[in-house]
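Next up, some structures in structure tokens.
Presented sequentially are two complexes of chain A, the first with chain B as partner and the second with chain C.
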Partner chain A sequence: MATPDFSEPEELTARERRALESLIKRLADDEFVLAERYTEWQVRAPTLESDLALANNAQDELGHARLWYDVLGDLGYTERELVYERDPAEFRHSTLVELPFEDGDWADAVLRSYLYDVAEELRLEALEDSSSPTIANRVAKIQQEEGYHREHAQNWVERLAEGESNGGEGHKRLQAALDRLFPHALTLFESCAPPRGANDANDASGDKPRAAGSDVEADIVDLGLRTATLEELGEEWLAIVVPYLESLGLDVPESGQTGDGEFEFEVTQEMLPDERGRDGTHTDAWADLYDDFTHTYRELGRSEPTKIMEIPE
Partner chain B sequence: MMDLDTVKERAGPREFSPADDLPREYREAATRMIEFHANSEIMGAYLERPFIRQSPSIDRKLAFSAKVQDEIGHGQLLYRAAESLGVKTREEMLDDLANGDGKFLNCFHYPLKSWVEVPMISFFVDGAAMRRQATLRRTSWEPYAHAMDKVCFEEGFHVKHGEDILKELMTGSRKEQQLTQGAFEEWWPRIIQFFGPTDDKSTHHDFAASVGLKQQSNDDLRNAFLDQYIPKARKYGLKIPDEPRIRERDDGTYAVEEDDLDWDEFFTIAKNEYEPGLGQINGRKQAQEAVDWVCETIEADAATARGHEPQAAD
Partner chain C sequence: MSSNSPEPTETDATPCAYTEYQSADGDVAAELPATGANATGLESEVWDALYEIEDPEMPISIVDLGLIYGVSVAAGVATVDMTLTYSGCPAREMLTEEVEETAAAVEGVDDADLRLVWNPPWTVDLVTEQGKEDLREFGLSI
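Presenting the complex of A and B:
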């Protein structure tokens, strides 16, 4: 497939647009929804210092979401369509980021952040040489901040895992969080169902079934938008997180590790949760979250979300 | 130790620091005042936090999250300034706040139910706070005055953002304008009471003023606020409620009819006995208790590892 010129969005074929849109939505939706969850820790974190740190992360992720959504602005999308009036079933974030936090479950917060941040680092690396200059340009800025997030998360995970006092409470809670979160973390590497509408742009009848997510995912790589496949990213991720978590004495659930210590990303249906996010299925918590963050917008009958800051180029 | 007369004699802007051996009366009065201020930052943040999520755009959400974060940062700074007086530790102050013994601003005892109420806090109450804080840059306890430099700087942005939210609501649909006017009518008396009772009813004023902690009286601050904010409210199309009655003096400045304000409610609040406020105190207490296990875990480890006093984690 010839590499298209992604700096000219008007020139893209429907298929190219679909690939770009699908890639950006998974990035932007992950960051946006994770930020929503992080803000729950504001005024609730264990110390004033960790409160400030997590608020920082939330704002970083929100800023990244804004940068990514803005890429879709080039395709003619507005914030209204992308966020405030998008059908909640059309969001493509992994279910890892939508799960609510139990009150005070700081172990969940820092472990989730660790699992996510490692994956985020890997996928940003795979976007450094994207055939879309708009994407490649944004990666460096985002990478700078993500490095700090991972450090912060790891620092906390270790502190909780290694804490012997207080009856090993930190370790126990981390293990519980890992058991719950790990299947959802695997959905980070699932392919996305293509967005509704983007799919049948070439087909006026609209009767054609949606293209398979795996086809769109193959286009993302073939078109050079991302330089690694989801399987490759998943394997790299496993090769980092599994030894790390095991070194802290945590038991990692079924992870696709083969006997000789190599990682193969062979995720079976049994290893995944019922709702996977990427395919448009979501947990009930997502419906509640969506209702809450669109509440004011609907209550006031708004038709356009307010822009107050310019996106830096 | 410095005696009280010397303190009163020397009391000037940024006059005293931890290097001075100050009498108990001064240190307790300063602690009470700064602790109140710090607690107010925390409870204000607690009240506003749900509106990070309910902000009607990503930009607003970012700005609002940053604002709430700033308030926590101010709390952190102020607790440090209070701790430096050697009367109470931060943990004691936060525990007192959780237990309902810590005092904080009247406005943060009321529930915040809707986005249209947001500018009542982030424009009017923060604007009122700005006025008071500006005078506190000349308070006699240097660490407090120093904290005020940073607080005032950041608070300026909050008020601008609050003003922008108000402007947007008051230039929005008729429904938005009506809801905002309704919120204003509900909040207006509370905002005026922000400055506390008149000077003759204020319990702590005389001493705090005599040792240079407080720089301007409640009445002066309130009147200066009215002079500045009544025209602003009108500019955005808000109608000033008939009560409390406000007199316009011949020189164009304003004064409020004190008896039109509900001082029983105010003093109930001041004792932490007002029902919605209690709910907020207890809500924050529960949040604090839910993460106690984290602090217990890391503090115990830090103590074992280093064999000395635990340090706060970040």
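Presenting the complex of A and C:
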């Protein structure tokens, strides 16, 4: 097979296009939705520094979402179509990023950030040599900004895990957040359902939730768009987060660790939540969040998200 | 060309140099920071015009800030390769529109095409000496 040339977006085959689109939605939707959740902490985080830090991380993630959505601009999509007018069932983010925070549950925010940022670091590495030059050329900029996120998350996770105030309240909250979030974090490595209407001979259409999406995931790797499989990324992720969390005295839910300390990414149905995001199924919280962030756009009858107002007649 | 001219170093010139359409994020990073110091003709005039655009938050030209990676003009179309200091830059639209309009307004330029590029990523190393001076005067330590 000839190496696909992703530098000529107009000349992509349907299969190449579908793979590119699915990969970008995985990346961009995660970043965009996580940013939406992070911003809920603005003026509510426990200290001024942490407030500014998380708000800034949210802004970073919005910037990265835009960098990724821009790649789809080459395929003719606009930001309006991709964000404000997209059917909520067509979003492909992991459910980890859409879950609401319980009021004031800072442990959830920092643990979620940690689980996500480790995964993001790994997948960015696997995009450095992407066969799409547009993707590869964006990686360094994003990596330049992402390093701080993990550092910030780890600082806080460690502070909460080690703190002894209120009878180890921080540790308890972290454990509760870990029990709740871990199954959703595993969905970061789940297969994506392809976009609706992208049906082909392989039946892998996203017209139904949970359509067999493994074809499109195999394509992403076969076409060189990403140089590691989801299983490989998941295993690397487990090998980092499990020992780290255990070193803080946290109990990690079932994680695929084998007896000799190696990790196998063998996720069973029981380990996963009912809704997995990537396959087009979402928690109820997603519908609410989607309504929230599209509210003003709809209310004002906008057609251009970045224009503040129409030019008066 | 006379027969005793030096070894030919260029391939045959074509009437329109604007036939090679690199994808955005192409290989633009030859020599950064770029300031247009060696540019001539219309390209030099586009650089001069871009020099007049200031960063929205600091009194420094966007050229001295190192945001412009390259300018070329062919067949009346100015192509500007530009980056932003930060992926989440809230002034993105404002700046890119201003750059495009400014380049297109140069006499002899009919249209401008802006390509937002991210590689290599911007760092403070791309600020020119003049830019560093401007920023120091503004009160930043750089």
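We take it that the second predicted complex is superposed on the first by the 291 of 313 C-alpha atoms of A that agree within 3 Å, B and C clash if a C-alpha of one lies under 4 Å from a C-alpha of the other, contacts with A are read in each partner's own complex, and residues count from 1 in each chain.
The rule is short, and it goes like this: a contact is a pair of C-beta atoms (placed from the backbone, for glycine too) under 8 Å apart; a residue touches a chain by one contact, two chains touch by 3 or more.
None of the values given here were measured: they were computed from a predicted structure.
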**Asked** Between chain B (first) and chain C (second), which, if any, makes contact with A:T39: first, second, both or neither?
**Response** first
**Prompt:** Given the touch rule stated above, what does A:I142 touch, chain B (first), chain C (second), both, or neither?
**Reply:** second
**Message:** Once chain A of both complexes is superposed, is A:S7 in touch with chain B (first), chain C (second), both, or neither?
**Reply:** second
**Message:** With both structures fitted on chain A, tell me whether chain B or chain C touches more of chain A's residues.
**Reply:** B
**Message:** Is A:R66 touching anything from chain B or chain C once the two structures are fitted on A? First, second, both or neither.
**Reply:** both
**Prompt:** Is A:G104 touching the first partner chain B, the second partner chain C, both, or neither of them?
**Reply:** first
**Request:** Please identify the positions on chain A that touch both chain B and chain C, taking each partner from its own complex.
**Result:** 59, 62-63, 66, 306
**Complete:** Note: in the complex, chain A contacts chain B through residues 32, 36, 39, 42-53, 55-56, 58-59, 62-63, 65-66, 69, 79, 83-84, 103-104, 106, 159-160, 162-166, 169-170, 173, 292-293, 295-297, 299-302, 305-309
**Fill in**
In their shared complex, chain A is touched by residues of chain B numbered 42, 45-46, 49, 51-63, 65-66, 68-69, 72-73, 75-76, 79, 114-116, 164, 168-169, 172-173, 175-176, 179, 284, 286-287, 289-298, 300-301, 304, 312-314
**Fill in**
As the complex stands, chain C meets chain A at residues 23-26, 86-90, 93, 116-123
**Message:** Which residues of chain A touch chain C once you look at their complex with the stated criterion?
**Reply:** 7-9, 59-64, 66-67, 70, 74, 133-134, 136-138, 140-142, 144-145, 306
